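Two complexes, one shared chain (subunit A), two partners (subunit B, subunit C).
After this line comes the complex of A and B, so read on.
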């Protein structure tokens, strides 16, 4: 069973990004979150390269931050531009 | 100098041994009432506004009566000898230094928030959704007004040094008029601003820095106005006019702080 899962899914976290060299990766998480929604706004949700941003922010951001930002996007008070 | 020699016939030291005065303790309690009621007013406590008005009146009256006594001692009793003036100059310069550090702390707060903007404000400065003021509109005009007021106060000072009464009065008067126009334009800009003090750390940093400066402009204007009143009333000589010189120093300090505000907050901080 476990062999099946490991062949099916690749477990990996976001790699090093030279724009965010500090231990604190808050901005790294936030940048990937905004980049993902900019990306799908420009290319559509099915555009495969956008998925990289989603994987990165899901690996970097605490779930409650993602939930908070999703709410903010719905309410239109997310504190960054998501226009592509 | 003749007056000082005359005074030495009555007193064998050049120092000003101040008499008992009710004003220090009165002003202390007035300031306590003023600041406490200021907090009460801003937090919407009952009678906060009335107590704040009382605090303002008490502080203003206390200061006016205290300064009236100082003018009596200095101008009419000759208590401010060269030695005493030396101490007053050192004291005033140290006061300006303490003011400089007060402004430094406000600038520190601004740069802390603006150089590395938090993600909560969109990671950018000005924050997402904030429209900053155009620095090349009223702020640039205000820069010109303050700089030229500094030039006029220098003219007034040199006129006073040369015993040119008309020049001293007109130079100082024009300084005060330019200062009042500056304050009026700042008031207009505050009323027209598309953000408030409650609009994120941008609004807080903007209004705390420019507001503290505006308060200093108002105090400096009153300080120079007292100097003008004393020139008109023949309180000053070409050699002895320390209060006027202190007001000039204060005014230049306020001027320099504005230049830093203009460069850092209005220009650099707006895009």
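After this line comes the complex of A and C, so read on.
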């Protein structure tokens, strides 16, 4: 059973990013969020490399922030350009 | 490792004791470093204090109008002694500063983490999010951690420290903590892991933890955040990786 679990869950998370070497990771989260939606706007939702950004922002951003930004994108008042 | 072969079993001190003066037992390399630096500096601090008070006491005892009535006429200036008592403290400060900065930057380093845990401070509880394994419908593990009220405590649980949902972490794994606040500034602190980091609304603070042994480590909110600031404790349970995976699986 233990073998199943280690293959079922890969222990992996967003790695070190040289753009964000500091304690303050706010921008690291936001950058990955905008990058994901820029990526899918350019390449389509099924483009696999875009998933990397999604995993990163899910790991880094508080769920409350993600929900708020998702709402803002729907309402068209997201405070950054998501044009590729 | 020694524990397994020794007939004397150690019980680690991972929660505060009544009238405790020293530190809790370390469970992370960072905290071991902090205690080490504290002890080293304290040794020199005691030597300096004894020296200073010895000199001060001698001067008070010997140099007074009865014992040496005209000493002020002859003892008014000495270049050598002034150089010594200026340069020696400067060297001591430098000797303390170097290991201190070394430790500070070591603690700052977030070494390629395996897991990210998000910690959010609320008035007045902590909530935790594990979002590395988001399932198909986009749900991640997310729970609130409230203090157990005194009436619900079972034998062996700590008053004002035990919580309903502990943070489960695997041992010997580099874990990234992303700490933020939802309303006011809180501070997430666990002495045994050597962590104290502010939870600031609108900002994500990053730190790294590495639990070296299994156990439950306790801490408290360390930034005054309102009336129940003292009643939002932190409990971290370090378990073997297999047990951690089983816990992930059950959530």
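One rule holds for everything that comes next: the second predicted complex is superposed on the first by the 80 of 84 C-alpha atoms of A that agree within 3 Å, B and C clash if a C-alpha of one lies under 4 Å from a C-alpha of the other, contacts with A are read in each partner's own complex, and residues count from 1 in each chain.
Keep in mind that, in the parts below, a contact is a pair of C-beta atoms (placed from the backbone, for glycine too) under 8 Å apart; a residue touches a chain by one contact, two chains touch by 3 or more.
All values derive from a computational prediction rather than experimental measurement.
Novice: Based on the superposition on subunit A, does the combination of subunit B and subunit C result in a clash or a fit?
Specialist: Result for subunit B and subunit C: fit.
Novice: Angle at subunit A, subunit B to subunit C, CA centres, as a multiple of 10°?
Specialist: The vertex angle at subunit A equals 80 degrees.
Novice: Touching A:52 in the superposition: subunit B (first), subunit C (second), both, neither?
Specialist: A:52: touches no partner chain.
Novice: Have a look and say if subunit B or subunit C is in touch with more residues of subunit A.
Specialist: C
Novice: Please indicate which partner A:63 is in contact with in the superposed arrangement: first for subunit B, second for subunit C, both, or neither.
Specialist: It touches subunit C, and subunit B stays clear.
Novice: If you stack the two complexes on chain A, which partner ends up touching A:81: first (subunit B), second (subunit C), both, or neither?
Specialist: Only subunit B is touched by A:81; subunit C is not.
Novice: Between subunit B (first) and subunit C (second), which, if any, makes contact with A:12: first, second, both or neither?
Specialist: The second partner, subunit C, only.
Novice: To be precise, I mean the smallest distance between any C-alpha of subunit B and any C-alpha of subunit C in the superposed model; what is it in Å?
Specialist: Nearest C-alpha pair, subunit B versus subunit C: 9 Å apart.
Novice: For subunit A, what residues appear in both contact lists, the one with subunit B and the one with subunit C?
Specialist: Correct list for subunit A: 26.
Novice: Report the residues of subunit B in contact with subunit A in the complex, numbered from low to high.
Specialist: 119-124, 127-129
Novice: Would you pull the subunit A residues touching subunit C in the complex into a rising list?
Specialist: Those in contact with subunit C are residues 2, 5-6, 8-16, 22-26, 28-29, 55, 58-64.
Novice: Any idea which subunit A residues touch subunit B in the complex?
Specialist: By the definition above, subunit A touches subunit B via 26-27, 30-31, 79-81.
Novice: With touch defined as at the start, can you tell me which subunit C residues reach subunit A in the complex?
Specialist: 108, 110, 112-116, 118, 120, 129, 131-134, 140, 142, 170, 173, 176, 178, 180, 182, 197, 202-207, 241-242, 245-246, 248-249
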